[in-house]
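Structures for review follow.
One chain, chain A, appears in both complexes that follow, with chain B as partner in the first and chain C in the second.
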Partner chain A sequence: MPSRLNEHLSVRAALLLVAATGALAYMFMPSCTAFVPDADDAICHAIDAAGGGPVDWPANTYKMWAAGQYHQCEVFDHVSQSWWTESEEARDYLAGYGIRQGHNWAELGRDDLTSIDEATGYVDSPMARTYNGYANIAYANAEGIDLDRGRSLDDFEYYDTFLKWASAYVHQRTFRVSGSCERACRTVGSSACTTARTVSGRLRNDYILLYHSFFYDIDSIWRASTVFHEVRHAQDGRLHTGNGCGRRFSCDYKWSDAGSNTYEMLWLAAYFHSIEQNEYVSDVRQARAEAMFEMLRLTAFTEQVRWNKASFASINELPEWYLEEVACSEGAPTHRCLMLAN
Partner chain B sequence: MPIASNRPLIWLPLVLSCLSSLACNTQAETSGEIGRVTFVQDDVAERLALRVELTGVEPAACMRVRKPIEGFVEWTENALDQAVHQKLIALVSDADRFDSYRSDTDLAARSEIEGCSAWPGADAPCYVEELVVAGGGTPWRFSLQQGVTLSDEGQELVDEFLTAHEDCSGTRSPSETSTLSNSSAP
Partner chain C sequence: MKTASVSAMLAASFVILPLGWGGVEEHAVRGPSDIDRHLATLLALSDEGVASAEYRESIGFLREHAPAAVDSVSGVLLEQSGTFLKWHLTYLVGEFGDETGVELLRELLDQAIPVPKGRPELSSHGIDLQHAEEVAAHIQAVMSIGRIASLRPELRPDVIAALVEIGNHTPMVTSSAIYELRSLLGAEAEDLRQLFGPEHAQEFERVMPPPRWQGLLAERMKRSAEARAERERMGSICRVD
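Moving on, here comes the complex of A and B:
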């Protein structure tokens, strides 16, 4: 009898061991999967065609700007506005947001960062476009790449503006940022495409995956706010809670859920209300951030948002106040909560 | 082998499994989708929404839901009548109309402030009656509040949105459909 029991236990132990090994293997599994490019995957085809030599990167798509409203935002990718191209230190700082741990960057232009489209003067590799997105996060505060991003996120004496806190938040709450050559549209020829996807996890097993549309369909301010959105999914693990919002995808139920859309809007509000205008924070960039803020306010929540951009006028002066207020309880609203919790 | 000595062997994988499942407590979240024009019409009682892809490769998606919005909202996906799709996209892509849309948007912002200032009860949400059209730029807003007069261009866009919404949701009568299809024939 004892020997049969032992045998049973050994079998169970072996099964559990296999399960545990499988789970551990899953935990450390890289984010890439076997992939066969389809007709839309222009980056994949360009890499393939280069055969290991210089890649002829795709041109901007910008289908959403068919109306021409924001055509000038393309210039954010001009080499003269890609501030990190002249500085190894700057590139190192930007890589520290999680790109360094990411997959696929070697084939997406790691050694081709200053490659320029000769017709436009824009940096054109996917990795360079990603750096331009992150540069808006890094350089939007006065300290820029001298900001110490490692301090506690509660240290509001040091992070005395929202934009300083935001840079540290992105650094501390993301582990891995990877790129993909996929276009990730719903069907071939469709313009409905995914820009980014995040797998959440608390133990440095989170990752953000960036697609073709992130590099070539949206401007660098939109890229920056998308990153901030994704980071809220990553280690904080906030998933979308709503449905029935106007834009249909990525809906949060309401503002005070403090989800990814709320955080994305906080960064956009801080950016367009920033008074630290310099070569890195320009009128055009701020106007772009304002437009993005409005789009999210009007279409990204199930419940209509009750306030407007003016409510955020002092977000940079009082970052901790805004961060606390977004999470304030619906059940015990204060006067200030009422303004921000719809 | 005594049972007691097996226990660590049994529990170790179990603990590892639990730890790894905690570590792997991951969920994929797709976000940041782009590429469509979104129309949202809100009033106090209900929301109408329509998403139209520029290229028309994908079917349009639409929904109509009572407020407050609770539970799962069902969207209907339908290919729009080609003439309806083309006209709607033409109206939001015609740069000559943008000044009128911007004027309507400014008017909506002003009427929102006036309307919500007079809203009964500070604790109650102030629902703004308007149509929002959002894509990649600044959204256009068209107030549907009484007393607000839209530009001709804005009114035409509102009317065309309603036609497209009916087409998507299947509430447009066949005679209307055939009339439109015939009128758009080359």
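Moving on, here comes the complex of A and C:
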């Protein structure tokens, strides 16, 4: 018996030793940003260098973009296309999507929102890049920031286009949006990165955390659709259910589960089918949304989506039909899925 | 701080364009060619598009010199993999390209797409950016081929034949190819059904809401057409050229 006790103790001690070694190694492991070239962690260096004063946002992003590396998405971030830089009211409206309640924005550019890279004219700070993502959601509908986002999401007389409903949905179903400087990539130098993470909760305790890749690796249309995706995780609590989809990350099982990928595609479809045109709905942005929609359709679901781009032609005229969840004949009686089911 | 101008932006473009583009290093010494200069304008101002006079001038120039412009971007389109720049230039080839553009885009479609790196995660939104961008570039190539036909009617028969071939030989973009054919041909696209397998019949179907929604749809479409007409009327009164 004592020898068996000793054996147990030594196994426990060995396990503890392994855990302690692991924890120690983790503590001293440099972060992802410590390995990558300056451009990847320039943002963090710039914040550090500012010492609490105005941040000198990195100017080398445009160079990296032309060199075909990441940090390449400034084309939709030009100050002339960023209406909110001229309007306190617009900034207030955008902050109302949950950014106001978020953490870390002071470090990520709250005081430098309207600063631009003087050589290129692009907004640079993570918060400004985030605003440009949200601006696509706010301004893609004809009402823009005059839209009353507080009405019931069932009020389709008022939200008579999907893009109006989408703006209200993002506003009402998000509590907190925080930013992080972390470059959350699979390995150093890998292009497989986490752009955002959402913790869901029904008691206004949900939050969305946006990572470095969200600000600097993806364009503002992709940022907007990512936000829409994350919001579906937030208070609605829809997690990814699939595996083995084409892109391997963030898979949903099928379209009719009405998960985050379905919602992201709905927003993209509404955007590229929109007949409204303004600085936030340009031809090139609509083409980008169309390509991203098809990319998701092909790669984000375990079971092939049978709908195509043309299936969504009426989404801005009849949003309630595309969003209606009904009892699914294929599932249990309680299972509900999108009217546009498969 | 807001002192940046388009000309400063373009100046920056001239300096850096040769860095990433194969075959144009010589321009770093003798300055950018007209083709490069106009390409830089399109890259910088494509968000403003034809609303910008500079963009209109550049797109006109590049359409006139399409083979040279297509040649200038071929390095990025065929050598880079999975970048936003590649997607962006693929889009622009649709705006200025001719038959050489169609050929280049078809070459792009023959390129392999890298296998995505990643693992399933329930709560975080991860993505292999390179893989996603490469898929987007392939889809954009089909969209841009369709766009070339709509801008150059004389190429329509050849482009339609090319889209049928692409749709049949590249499964990943079959849906996109049929969508472009439907956009180009309208109701006549029905005639092409038999050129695709029965498994693609659904790509030709029109999705209609159930009858109980159709009255509302008709009413909303009428309302939005009226609102659009009113906006256009007001726009024509207020427009300053």
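In this section, the second predicted complex is superposed on the first by the 268 of 342 C-alpha atoms of A that agree within 3 Å, B and C clash if a C-alpha of one lies under 4 Å from a C-alpha of the other, contacts with A are read in each partner's own complex, and residues count from 1 in each chain.
Note that in this section a contact is a pair of C-beta atoms (placed from the backbone, for glycine too) under 8 Å apart; a residue touches a chain by one contact, two chains touch by 3 or more.
Computed from a predicted structure; not experimentally measured.
Novice: Applying the touch criterion given at the start, work out whether A:T85 contacts chain B, chain C, both or neither, answering first, second, both or neither.
Specialist: second
Novice: Does the superposition put A:I275 against chain B (first), chain C (second), both, or neither?
Specialist: The second partner, chain C, only.
Novice: Could you look at A:D117 and tell me whether it touches chain B, chain C, both or neither (first, second, both, neither)?
Specialist: Only chain C is touched by A:D117; chain B is not.
Novice: Tell me the contact category for A:R100 with respect to chain B and chain C: first, second, both or neither.
Specialist: In the superposition, A:R100 touches no partner, neither chain B nor chain C.
Novice: Now for A:T302: first (chain B), second (chain C), both, or neither, which partner does it touch?
Specialist: first
Novice: Is A:D283 contacted by the first partner chain B, the second partner chain C, both or neither?
Specialist: Touch status of A:D283: second partner only.
Novice: Can A:W321 be said to touch chain B (first), chain C (second), both, or neither?
Specialist: second
Novice: Is A:H229 touching anything from chain B or chain C once the two structures are fitted on A? First, second, both or neither.
Specialist: both
Novice: Residues of chain A that sit at the chain B interface in one complex and at the chain C interface in the other, please.
Specialist: In chain A, positions 63, 65-70, 186, 190-199, 213, 217-218, 226, 229-230, 233, 239-240, 243, 246-250, 260, 290-291, 294-295, 298-299, 306, 308 sit in both the chain B and chain C interfaces.
Novice: Residue numbers of chain C touching chain A in their complex, please.
Specialist: Going by the criterion above, the answer is residues 1-6, 8-9, 12-13, 16-17, 19-20, 43-44, 46-49, 76, 80, 82-88, 91, 116-132, 135-137, 139-140, 143, 172, 175-176, 178-179, 182, 202-203, 206-207, 209-210, 213, 216-217, 220-221, 223-224, 227-228.
Novice: Give the list of chain A residues in touch with chain B in this complex.
Specialist: Contact set of chain A toward chain B: 2, 5-6, 9-10, 12-13, 16-17, 19-20, 23-24, 26-27, 63-70, 185-187, 189-203, 205-206, 213-214, 217-218, 226, 229-230, 233, 237, 239-240, 243-244, 246-250, 260, 290-291, 294-295, 298-299, 302-304, 306, 308, 333, 338, 342.
Novice: Please give the residue numbers of chain A that touch chain C in the complex, ascending.
Specialist: Counting only chain A, the residues touching chain C are 62-63, 65-70, 72-73, 75-76, 78-81, 85, 114-121, 142, 160-161, 184, 186, 190-199, 213, 217-219, 226, 229-230, 233, 239-240, 242-243, 246-251, 260, 275, 279, 282-285, 287-288, 290-292, 294-295, 297-299, 306-311, 313-314, 316-318, 320-321, 340.
Novice: For the complex, which residues does chain B have touching chain A?
Specialist: Per the stated touch rule, the residues are 1, 3, 6, 9-10, 13-14, 16-17, 20-36, 38-40, 42, 47, 49, 51, 53-55, 57-58, 61, 63, 65, 68-69, 72-73, 75, 92-93, 95, 98, 112, 122-123, 125-128, 132, 134-139, 141.
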